[in-house]
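Labels A, B, C, D and E are assigned to the chains in the order they are written; within every chain, residues are numbered from 1.
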Amino acid sequence: MTAAQWIGGLLVLAGIPFLLLGTLGLLRFPDVYPRLHALAKSDNVGLGLVCIGLGVQSGSLTLLLKLVLIWVLMLIASATAAGLIARTALARGLRPWGT
Amino acid sequence: MVYLSLTGVLFVLGLHGLFTARNLLRRLLSLNILTTSVFLLFVVMARLAEPLDNVPHAIVLTGIVITVSTTAVALALVVRIAGRMREEDVGAAADTRGDVE
Amino acid sequence: MTELYPAVAVLLLINIVVGMVRILRGPTAADRMLAAEMFATSAVVIVLLMAFGTDNLTLIDVALIFALLAALASVTFVSRAWSAMTRSRAAPECLDDEGEGKP
Amino acid sequence: MIPETAGPVILFSLPLAAAITVFIRPRWSVPVTLGASGVLLAAAVWVVGVVLQQGAWRHDIGGWTAPLGIGWNVDGLSAALLLLTAAVGLAGAVFHASRPAPLATVRDPRFFWPLWLFLWGGLNALFLAADLFNVYVALELVSIASVGLIGLAGGSAQAAAWRYLLATLLGSTIYLFGVALLYGRYAALDLALLTDGVERDGVTAVAAALMTLGLLLKAAVFPLHFWLPAAHGRAPPAVSAVLSAVVIAAGYYLLVRLWFGPFAPLLGTGVATLLGLLGAAAVLWGGLLALLQRRLKMLIAYSTVSQFGYGLLVFPLAAAGAAHPAWTGAVTLVLAHGLAKAALFLAAGAIVLRHGIDRLEALGGDQRGATLAWVAFAIASASLVGLPPTGGFLGKWWLAQAALATGGYFWLAILMVGTGFTAAYLWRALQAAVRPGREAGIDPATLSAALGLAALSLALSAAALGLAAPVLGVLLDAGPGAPG
Amino acid sequence: MGVAGVIFDVLLALALTWLAWQATRAADLFHAVVSFIVFGLLMALAWVRLEAPDIALAEAAIGAGATGALLLSALDRLASRERRRRLLYEPGAAWGFWIPAGGALLGALTLAAWKLPAPGLGNEVRAALGVSGVEHPVTAVLLNFRALDTLLEIGVLLLAAITIWSLGRAPSPLIPAMPSPALPALGRLLFPVFVLVAAYLLWRGSHAPGGAFPAGAVLGAGAILMLLAGARPWIRSSERGPWRWILSLGLVMLLAAGIAGTLAGQAFFEYPPGTAGPLILLLEVAAGLSIALLLFALYLRGEPCEHGYRGKGR
């Protein structure tokens, strides 16, 4: 096994816990705002690590670019969605927990 | 194959939903699940064949597009029917658009 | 390393299954939509792992489309389903607004 | 160009091409539709002529042969139904074109014609198809077009359209499930290939049961007829005509195709008797309900449920050994029913237009403007009841012969009782014409004579079908579908 | 994938079953719709597992994307209806028992069919692939061996659009209470990506999973996103405008291809020798465009305006 494959594999494995943490946050946090926060952070970090890891592992530049494109798209999607959901939730009068 | 039994389960669930649900949209969802079970059967057949058979894949692709069409028509109808019932509820007798009757 | 990917995929699927509790419990529509979005992320990772685990690189396209359409679902949700429900509950006069923009 | 392929190509392509044309240019709707209808009728007659001359043939689409490619199959049965579609399609188009314009709903003038032509195209594709999945796609085309046409009437018709859509989609999905099983078992979707290869085993039996169930739902056979009366009763007259005459017949056509083709080895006495009993129940139940209706169009719609019951009697009679007369008789009955029922719906449409209401007790009185329609109604009734020399008589005669030859006296009794019911409810409808009624409705002068003529021509064709018995016999014998 | 693969399949099947149950039974309508969308998402995973990447692409684009948008948008008109559902048609109680009973029987029979011989047509497809004009078997089946199905299918799409138009005018979308400034920017940012990906999928179609169907669906989804992001629907139903032509384009081209075969003295839909490749590419482009625009038209839920919009829009 080459070094690139090792590094890539480790990056992938490092990304997985973030995805799991996101779900944990989704389940454990008390209302929609911290859940948004948890998902936006952890999922994107997790996905980013996996994409870069797989890209490094494949050793092909086009593949790496495609994977990064996937990551960026998910980033945009989740950032917009988080912003929109938070705004709408506030507008609807959902009170953040503890206030 | 796990998926073969999934086909049967989805088929039964879809049928059950179709006949017990009263809400129009729910019936539509049930029907879509029923259709998915049929597609699943086709693809499982393709997978079991030796070598892999591509004809069912094409058939299911055609089927998916047809299902979207029928779903869209059904949804448009549901929305019209619901809209009319709402108008009747509100008491607005005249349809300002003049589209019906 | 690649040998581990199937196991990781299973782990992520369990992740999704556990997350379904949020869809079941809600309580608001936004919570359910958030859960759905999380599933999209996990599904993208699963497909990517499958692609590299089985050396079937065409599957990356499937992940790409997932990523593209994840945006569509959440935008539809926020700009149609959720906010419109807000209005119909808060302001019954929205029926009149429907006339807006008609020829 | 090979002359025999031109017929099917025209029958398949022209309705679709015309539908696109009238969608793009709604202003040309009526001339384009009527022109296309004429050409289609001529093409259907030509196809029937070719079948009579040289027998059935098959056309491989794209030059690809059966297991991989799709084929068109033209034999006596499909040619007869293509001709029926063309006749009803032309008469319906003439009827709809000559309706008084102010009575049409707002969306009607722009959208009726493309939907009508799409329905026609779907039906032609269905009758030509020799491939089970191609049949499914054509069925969906027919379903959506029918839903659109029913919904055009607006108001409560949209609710009826929704119910129809759900029933028909359920039917086609169940049918497709059976197709999937068959494909998994035999790796073939082609009717001819399946006919050669089918064995009696569990998978095939399940597939046959599912496909039959789905098609029974589409053919509105008792007890799966619940969606039909509302949909057929509320639609515009021309639409009711084509739905009752041809769309229901399409479901029946597929049943016959399957059970006298691939599933013939499975047609044991048990299955056949079950189907026959369903048919018998449909004859009696539909007849009874038709007798109880107060609205003219609902009466005719329930009559459809009843009449297609006869079609199912073919199965027990064929299983008992009289396959040939039973088959010919049942198909003749379906053809005669198609012509007569379309005539009834068109006539009813003209009568309802004249009186402005379709309650039976209000249809009496001054009949100026609706005389032709009542004459058509009477002739079509005669065919539906089965008075000689009409097509209805011919079909019932052949069926009765089959019943007598096999000692199936129960089925003969059903035939007789059903005829009694038919006579009773149609007599009720005809009685309404001569009763004194309230003076209402629109000015007779605004009603075009073409309305009544469209109905009359169909009614006369139904009657003339009986005179064409020898030709019909030869035609229906042509092809692999016909049992020898 | 060995043991992990089996565990994966079983888990996926259980999850799908549960989601299907939720979609048909959940008390809250929104809950049901989200369950159905997630069902579509996981179904795509199942297609991948079953080695059907083409269907996974289509399911991801059409099933989860377009259908999801359709359903979610319909909710804005239906949500307040839920409480009055008693009005909606006959009770199904009597059927509720018999149908599941029959269904269970059917499930048992399906299991009896467990060991189907399943011969398949894989060898036939492979043998004919050489002369089909493309390298990807699914595309060959769709646009050559079974092109008649594809023709009728595009016909179904066009017919569905016409049927929806015939039901009435497109309801003007409800405008969100709090318009977000980020949305139009998002639309402008993402739409080019949608177009690029669609073009890429179309180009790949001749030799790898992809082709007109997913490409059209992705493009259609992009158009729907633009609409959601605040653009006005730009399809016009005017007789004079080009839109009716463009919507019919796919069906027209396929019909023309079919008839051309007959006119050339061959079978219906038989491509002249050597021209299959370019012809199929041409048909794919037309079909993809048609699918995209027709999906968009289906999304509008009614006949669009004839000559444009009055009022400020967004």
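Basically, contacts are C-beta pairs under 8 Å (C-beta built on N, C-alpha and C of every residue); 3 or more make two chains touch, one makes a residue touch a chain.
Remember, predicted model here, so these are calculated numbers, not experimental data.
Chains that touch both subunit A and subunit C are the following: E.
Farthest from subunit E in terms of Cα centroid separation is D. Nearest to the global CA centroid, when each chain is reduced to the mean of its CA atoms, is chain B.
Chain pairs C-E and D-E differ in how many C-beta pairs they share in contact, with the greater number at C-E.
Of all chains, the one whose CA centroid is most distant from that of subunit C is D. Chain geometry summary: the mean Cα position of subunit B and that of subunit D are 26 Å apart.
Mean C-alpha position of subunit C lies 46 Å from that of subunit D.
Centre-to-centre separation of subunit A and subunit D, using mean CA positions: 58 Å.
Each chain gets a centre from the mean of its Cα atoms; for subunit A and subunit B, those two points are 33 Å apart. Within subunit D, contacts with two or more other chains are made by residues 68, 107, 133, 137, 140, 144, 147-148, 151, 158, 181, 184, 187. Each of the following residues of subunit C touches two or more other chains: 33, 35, 40, 64, 68, 71, 75, 77-79, 83, 86, 99, 102. With touch defined as above, residues shared between interfaces to two or more other chains in subunit A number as follows: 73, 76, 80, 84, 88, 91. Residues of subunit D touching subunit B in their complex: 68, 105-107, 133, 136-137, 140, 143-144, 147-148, 151, 154-155, 158-159, 161-162, 165-166, 169-170, 173, 176-177, 180-181, 183-184, 187.
Those residues of subunit B whose C-beta lies close enough to touch subunit E in the complex are 1-26, 29-30, 32-33, 36, 39-40, 43-55, 57-62, 64-66, 68-73, 75-80, 82-83, 85-86, 89, 97, 99-100.
Residues 73, 76, 80, 83-84, 87-88, 91 of subunit A are the ones touching subunit E in the complex. The touching residues of subunit E, when paired with subunit A in their complex, are 176-178, 180, 182-183, 186, 189-190, 193. Remark: subunit B residues 11, 18, 24, 27, 31, 34-35, 37-38, 41-42, 44-45, 48-49, 53, 55-56, 59, 62-63, 66, 69-70, 73-74, 77-78, 80-81, 84, 98-101 touch subunit D in the complex.
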